[in-house]
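You will see two complexes here that share chain A, one where it goes with chain B and one where it goes with chain C.
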Partner chain A sequence: MRRYLKLLKILVRVSFIRALMFRAAFYMDIAYSFIWLGLFFIIIQILFSHTEEIAGWSRANLIVLLGVWSFLDDLGAGTFWDGIKRLPDLVADGAMDFILARPVDSQFLIAAERFRFSRVLVILADVGLIAYGLTIGEMAPWHTIILRFPVLVVSGYIIALSVVYLLHTLGFWFLRINNVWALYDGLEGIAKYPLDVFGRHIKLLSLTIVPLTVMFMFPAQALLGRITTLEVLYAPVVAAIFFAVARWFYQYSVRRYSSVA
Partner chain B sequence: MPIIEVKNLTKKYEYYKKAPGLLASMKSLFHREKLYTEAVKNISFTVEEGELVGFLGPNGAGKTTTLKMLSGILYPTSGEAKVLGHVPWKREKKYQKQFAIVMGQKNQLWWDLPAMDSFILNKEIYEVPDAQFKKTVDGLAELLEIKDILDVQVRKLSLGQRMKCELIAALLHQPKVLFLDEPTIGLDVVSQQKMREFIKTYNEQKKTTILLTSHYMEDVKALCKRVIIIDHGEIRYDGALSALIDKYVDHKVITVTFTKPVERVDLEKFCPVMECTPLRAVLNVPNEEVKKVAAKILTTYPVDDILIDEVPVEDVIRRIFTTGKS
Partner chain C sequence: MRKYWTIITTMWARALIHRFTIVAYRTGELFEIVFLLILWTALFKGRDTISGYTIQEMITYVLVGNLVSIVTRNFLTDFMTKEIKDGALSIFVVKPITYLRYVLVRELGRVSLPFLISLVSQIGIMLIFARQLVIHTSFVHFALFIVMVAFAFLIEFFISFLIGATAFWTDETDGLSQTIYRLKRFLSGGYFTLSLLPALYIQISLALPFAYSFYVPTQLYLQKLTLWQGLKGIGIQIIWIALLYLCIKLVWRRGTRRYEGVGI
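Then we have the complex of A and B:
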């Protein structure tokens, strides 16, 4: 574990050096993230200028949900996503050779090679958005937030990490997976709105096969005091299952790796 | 006890047929014909500790595939292999810490950062102690004459400098087994020579077992006492480089220059004439007749100079590949 923390420290340092090297990309990414966040915020304001609530969610609640969604999305994009997204390219151009030959967990090495520091500022904005939503609306008692929110955020993050890994592991099987990723990205985008509005079947799907509710709504619900103990216990189980499946699928797929001549 | 043991190793790749044209591409949406190619067929060999073995073959012969299986990058289709007592494709960390692979056509160094940053990452990956890291980097950089470029971005280095940095990155943990896949490819003559000298010195000093693939016969002649020749996935020859000539060549090459013109038909009385100009001739002479023919030419014709050579190794190997004979 200590060794992996040391490796992580080196890889974070290298990513930071890179971020400083490509300043324009750094600023563009921050601007891009703020524009999108602002756009969604405006959409919520417009929606609630016509109604008081949507499927039991008030404007303040929805701002919290948007904040949580954006927080998890930026946390993922800022940490391991960029590294994992390189996987199909690493397979296609044979660069996996050196990764597989090294005495370190290859999944870790792939994921940890790219951090996006530009997202740190956006994460701060996300936290601000969550705080704003909680201030103008309802909020769970502090002690329940402290007990439940970290469990649900970590579970949501692990599920998202596993899903991203699962999809990009398809790179071992198919040359291009852009469409699959675009499909998931689109689905994930829906989760910034309460999935209750889509009816029972979609809700069930979002609790199991594509657990968007568990990833994004549960942490928001924990902040708003709208979560049951069963749901709090369910999230880590889903996270563990997804993590195990992603891990197994990667190990299985590596056997197919044929490198490049 | 051998360091590398390979028994009946086979690697079969599957791929899809891709016919040219729009219609064929449309058809392939619904049906694709799966094809197989055997890159490595049932090969067996062993390598002893400290040996530097040349792995030779034309493009697509199966050299790199074999190296990749031995370094655990690829799973074989069938067969067995053990390197340092480990099955490579099990990817045990204990094994991975004891070998290194360098590929001339690929780089493991971060392209946009100085080589030293990649070395530091490898130091942690291979758990190299600080003192050993410093000593190894200093020593290797000194030996390879690249001390002043370790803090220059890799993308700004010449190919020769980059390859030297690749070697340092691979040798930081002092591997017991080193797989070198075309380490001199694309290098200029001087860089090739320096690289060869380094590999030779390193092998002699550290007793590292090295398996080397190269298209350059100069590499093989300078470094390898033993060669394994592979073609179409099959081993055609495994033995001493010197014995290769004895086994496959039954003649020597006599090159004669004359002071006065000599007719080709006159020379053909002795042996096959490969080249002939009025003042120069190249003859292929059976080994047992070399002395007799040379003496006869010297006494019969106005000879200015005479050279008796072995057939170049390149020609021998080319002949093995073109005839496919073992």
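Then we have the complex of A and C:
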């Protein structure tokens, strides 16, 4: 464990040096992230200029949901997203050889190799957005937020990591799938709106096979005081299952890998 | 003509290798479209119109607008960036075709397979919502709609070319192209109809080229625009095509001066 923490520290430092080398790209990335966030914020304002609520969610509630969604999205993009995105190319080009030959867990190495500091910085803006939404609307008591929110955010993060890994591991099975992120992007994108607008069947799907509700809505609901204890306990279970499946699928797929270099 | 045909067929062969990518990309898009339809259905509960739109018109707006967006899109920026960064642009010095013409033909070939897959799936969704679709039969409106969509393809192509050309100056264009894509979608009315915005914003959007890839053709289809307004829209598109072409000439001349042919 200590070895991996030391390795993580080195990888973070290397990513930081890389970010300093391409400073223009670093600042531009921050600017783009703010533009995206602003754009979604404007969309919410426009939608709510024509309605009071969407599926029981007020404007303030939706701002909190957008903040949580963006927080988890930036956290994922800032930490593991860029690394895992390379997996299909590593497999197709035979560069996986160099990863597998190293005396560390290859799955860890792929995910942790590229941190994007610009996105981590945008998290501060996401926190500001969440705080704004809570100030103008309802909010759960502090003690329940402290107990529940971290559990749900960590669960959401682990599920996102696992789903992204599951999708990109398909690179071992199909040739050239470097745009598979678009599938996750499309799915994740709809979770910035309340999934309560869907019927019962799709809602059930979003709690189990495609757990968007667990990933994004549960943490927002915890801040708003709209979550039950059972739901709080359910999230880590889903996260553990997805993590185990992603881990198993990766190891199973690696056995199939034959170098093409 | 044969050389263009060769480029197109090569792109078809390449597209078949990337079929999983195409399906994944399209599936992601479908989620967004279906979600927008459900969201609008929820917003229309208990009311007949929003900003002059009935629910049928809004569903038609989303479906027809996305169909236009499928027809007019391209994937040029990513490939152009890579060619500039990797030095692959150098081979065009010896090819008997200009780069702009080559990439235009190449994109026509590249987008054709994704276009077919997207078209089939989009028509599938439209059939599901067939009862709520507004269908007009005015031939003149439809002819103008087709012309507008063809010009929109050219405008989108030129914009992608210009974004791709920024690779002459910066190593990273991914963030810029993603941001412009989202801004374009916002200003074109892809997230919601521009009619929801104040009049001033609509006027600004109509003066920019983006609205002609979603909002204006769909308005024309819904016959919320007169033929004269449609012709005026096509006039604005022609002006933008000329302006963008001039920009491309200028940027290309300056960019190729900076180009170092890295990797050769």
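Observations on the model:
The rule is short, and it goes like this: the second predicted complex is superposed on the first by the 257 of 261 C-alpha atoms of A that agree within 3 Å, B and C clash if a C-alpha of one lies under 4 Å from a C-alpha of the other, contacts with A are read in each partner's own complex, and residues count from 1 in each chain.
Following the convention adopted for this analysis, a contact is a pair of C-beta atoms (placed from the backbone, for glycine too) under 8 Å apart; a residue touches a chain by one contact, two chains touch by 3 or more.
All values derive from a computational prediction rather than experimental measurement.
After superposition onto chain A, the modelled positions of chain B and chain C are compatible, with room for both. In the superposed pair of complexes, A:103 makes contact with chain B only, with no contact to chain C. By the touch criterion defined above, A:11 reaches chain B but does not reach chain C. Of the two partner chains placed by the overlay, neither chain B nor chain C lies in contact with A:136. Between the C-alpha centres of chain B and chain C, as viewed from that of chain A, the superposed structures give an angle of 90°, to the nearest 10.
After overlaying the two complexes on the shared chain, residue contacts for A:244 are found with neither chain B nor chain C. By the touch criterion defined above, A:204 lies against neither chain B nor chain C after alignment on the C-alpha atoms of chain A.
By the touch criterion defined above, A:46 lies against chain C but remains apart from chain B after alignment on the C-alpha atoms of chain A.
Among chain B and chain C, the chain that touches a larger number of residues in chain A is C. Taking every C-alpha of chain B against every C-alpha of chain C after the fit on chain A, the minimum distance is 6 Å.
With the contact threshold set out at the top, not one residue of chain A is in contact with chain B in one structure and with chain C in the other.
Against chain B, the residues of chain A that register as touching in their complex are 3, 6-7, 10-11, 14, 17-18, 21, 94-98, 100-104, 255, 257-259, 261. In the complex of the two chains, the chain A residues touching chain C come out as 22, 24-25, 28-29, 32, 35-36, 39, 42-43, 46-47, 49-51, 54-55, 170, 174-180, 182-187, 189-190, 193, 197-198. Chain C meets chain A in the complex at residues 17-18, 20-21, 24-25, 27-32, 35, 38-39, 41-43, 50-51, 170-172, 175-176, 178-179, 182-183, 186, 191-192, 196-197. By the touch criterion given at the top, residues 13, 60, 64, 68, 71-75, 91, 93-94, 96-97, 99, 101, 103, 106, 108, 110, 112-113, 117, 120-121, 124-127 of chain B touch chain A in their complex.
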